[in-house]
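In the two complexes that follow, chain A is the common piece, with chain B as its partner first and chain C second.
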Partner chain A sequence: MPSDRIIYIIFFLALGLTALLVLYPAYYALELSFQHRESLISEPEWVWFQNYARVLAMPDFWAALGRGVIFAGLTILLQIVLGIGFALLLAREFPGMPVIRGIAVLPYLLPTVVVALTFRWMLDGSVGIFSKAAQLLGYDYLPWGDDPYMAMITVILISVWIWTPFVTLTCLAGLQSIPEDIYEAARIDGAGPWQRFWHITLPQLRSVLLVVLLLRAIWMFNKFDIVWLMTRGGPQQATEQLPIFSYRQAFEMYDVGAGAAVSAISFVILSVLILIYFRLFPLDRKD
Partner chain B sequence: MRANFPKLGSKLGYGALLALTVIYSVFPIYWMINTSFREPSTIYTAIEFFPSAFTWENFSTLLELTDYPTWFANSVIVALGTVAVTIVLSVLIAYAVTRLQFRGKTLVIGTMLYAYMFPPLLLAIPLATLFVRIGLSDTLLSLVISHTTLALPLGVWLLWGFFKQIPHDVEEAAMVDGCSRLRAFVLVVLPLTLPGIVTVAIFAFLLSWTDYVFALVMVSSDVNKTLPVGLDTMVGLYELRWGELMAGSTLIALPLFVMFTFLSRFFIRGLAAGAVKG
Partner chain C sequence: MVKKSPLDPTGQGFRVNGSPSRRSVIKGVGAAAAVAPFALSAPAVLAADKTVRFLNAEPSVDSVRAMRFAAAQYEKETGIKVQMDSVPGGKAFEKLQASIQSGRPYDIATLSFVGDVLLLANEKKIVPLNSIISKYDWGPRILFPMQGDNYWYPYDYNLCWINYRKDLYAAKSLREPGNWDGMMGNLAALTGDGENQLRHGIVHPIGSNGAANYTAFGYMWANGVKLFDDDWNVVLDSPDILPKAAEYLDFMADLTQYMPPSPMQSDWANLVGDFQGGIISHTPGTGRLIDQMGLTMPEKAKQVSSFLFPSKDGKKFAVNHGYDGWVVLDTAMTDEALKFLEWFSDEHLINFLHSSPVHYQPTRLDIYEDPRWTSHPAFETFADILAMQKRVLNDPDVIIRSIDTEGPEPDVRAGKVFRSYALPEMIQDRVLNGTSATDSVRTAAEKIRKIIAA
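And now, the complex of A and B:
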């Protein structure tokens, strides 16, 4: 039929455009990482792995990698623990519960810039509400922007606030699919709440949690906006992880090659970790 | 029976935990809205859990004296453009992958999943360089292209799930009855996948509306900024004007809350499918 041919043509056009949009930037990033250019518009010079060698020789790179691991590790751990807790709380059914669940999702919907500004206002020098609360407890001010440890802790806690609802929602869906009779049977056998949690709930959530852990790890390791908006990587690079290091190389030092190389390296690290993860915990494939 | 007392206790404990969860989730949002309605002069002198003098002053200053209305319009244009392009392309790809016969289908879907985890800067750096070279830098179009790059893998992935679930018999019956493939697609398949399309539209919108990274990298002039970057630059310009900043934040969040209230079904489904990069 002629219309069949039309639909094939439309489809291949769409596929071509999609490939261009999705794959070309990644390919171009690779190309940039092998080139040296004086500025964004100057002619490139192929230097192959020199950018990579240069970046890997920078102590700042390794420091940023270490901070990224700490930042991602702690945020993921807290998100998962809190998310499971919230999901258990919100799993019960009674009138009004859907509204409460909706409220618990709100932080996840907010643009990062809104969260960052709101928390900066709440932490503001002497008049923010957190600062006032700290004064009541006898501290003069909250040094979250000046103290390296406090800055990292602040960024971690705010990230947890924003992204925990993702864990809550997915775990909630997982909890609702656990058949009630398993709990009933366990109750009859005399299992207490803790035993039911450890021996039924957690194992039943296993496949959900494996996916959640994977997705959270990918996103937290790549996280740029909340850290940049809160601290710009400071004070004295105390919160600078790889995405911020990469941004600063490309757009502050105008060293696009190094910036692209850093992004490529962090993507390779992530890919290797994901491969190992799949080897350790094969996900049950249902399709 | 000694079971009654712990039962009452656990009920109270449960209620308290639930209340804590709600306060934890909503307090910063409440504080943002509360601040935006307070008298500017009182903001720095006292903590008020409810505005003692309710005023629209912060909003009117924001809308009259800053570029906020321009940024708002830019954000709307970019988000709608992203939604339109993402939907058209992801519907076509998802349909083709589930319905047409060709080699490399799994490769398409696999590539989409892989692209889904590209670090934002792995895309932002080459796109920014590219736009400078072809003269598109600092335009709204460059933002639509960048946001589509982000949203497409997600759109294809979500819609693939929807298209898979629709039995082929339905459209085959229509085609046997003399419908062309194109007509069967438009009249039978599209209406059935509407919930999926709405979900993708919402998430493409959300992604574009909340994006900070790409807007930061692509756009430099004030007139082309979108809300997130525009608002953040205000911090430097109007140091400590928290009333206006919170009014601006409230206005960015408002459309999302309205959408969430009316379309929460789609939100929850999309979120559960991992439909937000973040």
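And now, the complex of A and C:
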């Protein structure tokens, strides 16, 4: 039947596009990780697992992995906690609610490069508004980019500022699907706000939160743009996590194979963590 | 309603009035779309088009205008079209690699990093320019031949020196500093809240970025520091060099008291913006700043002059090397690209250099005496700076160095050191961590050894 044929055509077109745009680049990256080449135009030399062995022997690789775990862990934790909090606030009816909801989503709509450049100017030691505020409080300036800990805290807080609205939005949608009857019944049974949150809201949001946690973990572990734009991995590599380490190996240290190997290892680590995550928290389980 | 036609016996493809049916149009367009990418990228087709594709990495309005004017002239004279694509300097090599991988490489490209030129030459993606290069006399340390062949045509030195406010110097009766003590004295005199003083003295980016690599090491070169010996051994921590490098680091630590807060975060924008905004009295850089100010604030631009990075004892001076050049790729249009480059070099290079006359310091010695070059009004306004540029090329006490051109010959190892930011991190170690200068130098030397061994 013609309609079946159209469905098949669309299906295979989609499959072909996926293969072209996702599978082939992934295969190409994997292939690069087994080659020695100084640039993408260099003649490749097949070296099997040498790049992997070299990368795993680099102290900088393990340090970048550790920093990536810290960066992803803290940003996800803060995003989830704040996201749920804002969702609970925005779920209430109050005058001007649509406007407030719109404003709450704004950071997520801004291009990352705009956010990074704006924050860089706001944090500038000479003319930045944060530096001026620090001077009013009797401090010289905010040494956010000079101190390794301050730099990490800064990129974490800016990441939280940008991506918390995503958690807020998804939780808000989840909250609106919880039947009011359940809260009504709990109130009649004498449950307080905290008990209603702990025993009704959180369990009802479970499936939403599991997906949000998974997506945010993948995105933050692979996050490159905001860190690169804010600190380029500095000072003294204090904010350099695996994506930046991979980029620097491939495009700054003329070692495309090592850069690809870092990406492949990062992919394996993430895949293993996701498998464990699904075993611990199956998405289809209803509590 | 479709009827059979003598032209279409099946009755499927043509309507009775002879116009094509929707199906035949879709089939035709589909087939054309499928074949077009292959057809258009075929070398024979490109050659038949007679189009030279030029990747320009000087994207300022005046420079692009000068390039396009030359391209139009060339097409008028020869019938060969020169298609100009402009990108920021830092993106040129990435775009060039992408064009090579896609099977449609540019025919000419601007590059700003000798390591990139080396990579392309090693992979035989670019062709030697020996016949063009041999036509002219060149200034010192600008050609970077590779195994006897010159693969690139350098068009400007792009040297980094120190720009300063000469009106403030005059008001305080100061002279250009001849050594580090003089530099500190001038900064002290010009920094503060008093009359003819500015809030800060100078900015030197010290973060892990290109701005630091380019603008922070002039004093170090002037002080006689080298990274490698003639056999590519790291000599930064050798008994001869280590004390000089340590002196430089201590000087940089002292300089920070005259810098705006957080030099770690300073970048190109601060070098220009803080100077134009009256926050600092000195800024390292090229003549680009002066050319820009000449366009937007001409009266202020006249108050700017420049001096070279001094050494500690004042016996030597230095500038940090920048350089930009063109390469010709091995394509179906190589011969035409070479002809265009030679024509451009003879007929339009000076016009292009005039698009930023203080910034584009000529690499060819004949240009300095060419009346077309010296006729630019900038030669009157900034006569002292242009005289300094000539002095740099002839004075044996002036050192022209940069991290990426260190070593006995052009080599990707120096490029690796440049892009590892091992030397900005050496400054960070001294300035931010408070590590002793000698320990910071030793740590950096070890790091460089690992980098070039990898």
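Criterion: the second predicted complex is superposed on the first by the 263 of 287 C-alpha atoms of A that agree within 3 Å, B and C clash if a C-alpha of one lies under 4 Å from a C-alpha of the other, contacts with A are read in each partner's own complex, and residues count from 1 in each chain.
Note that a contact is a pair of C-beta atoms (placed from the backbone, for glycine too) under 8 Å apart; a residue touches a chain by one contact, two chains touch by 3 or more.
Predicted model, so just to flag it, every value in this text is computed and none were measured.
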Three-chain arrangement built on chain A, chain B and chain C clash or fit: clash
Which of chain B and chain C A:Leu106 touches, first, second, both or neither: first
Chain A residues touched by each partner, larger count belonging to chain B or chain C: B
Contacts of A:Leu229 with chain B and chain C, given as first, second, both or neither: first
Which superposed partner A:Pro25 touches (first chain B, second chain C, both, neither): first
Partner chain(s) touched by A:Asp124 [first = chain B, second = chain C, both, neither]: both
Location of chain C clashes with chain B - one stretch out of 20-28, 92-100 or 344-352: 92-100
Chain B and chain C contact sites that coincide on chain A, given as residue numbers: 40-41, 120, 124, 127, 251
Chain C contact footprint on chain A (complex, rising order): 38-43, 54, 120, 123-127, 131, 140-141, 143-147, 232-237, 248, 251-255
Complex contact set, residues of chain A against chain B: 1, 3-4, 6-8, 10-11, 14-15, 17-18, 21-23, 25-26, 28-29, 31-32, 40-41, 86, 89-90, 92, 100, 102-122, 124, 127, 129, 132, 161-163, 165-166, 169-170, 173, 211, 215, 218-219, 221-222, 224-225, 228-229, 243, 246-247, 250-251, 256, 259-260, 262-264, 266-267, 270, 274, 287
Chain C residues touching chain A - in the complex, by the definition given at the top: 94, 97, 100-101, 115, 119-120, 122-123, 125, 199-200, 207-209, 260-262, 264-265, 270, 274, 279, 412, 415-416, 419-420, 425, 428-429, 432-433, 451, 454
Chain B residues within the chain A interface of the complex: 14, 17-18, 21-22, 24-26, 28-29, 31-32, 35, 43-45, 47, 88-89, 92-93, 95-96, 100, 108, 111-112, 115, 117-130, 132-133, 145, 148-149, 152-153, 156, 164, 180-183, 185, 206, 209-210, 212-213, 216-217, 227-229, 231-232, 235, 240, 242, 245-246, 249, 252-253, 256-257, 260-261, 264, 267-268, 271-272, 274, 276-278
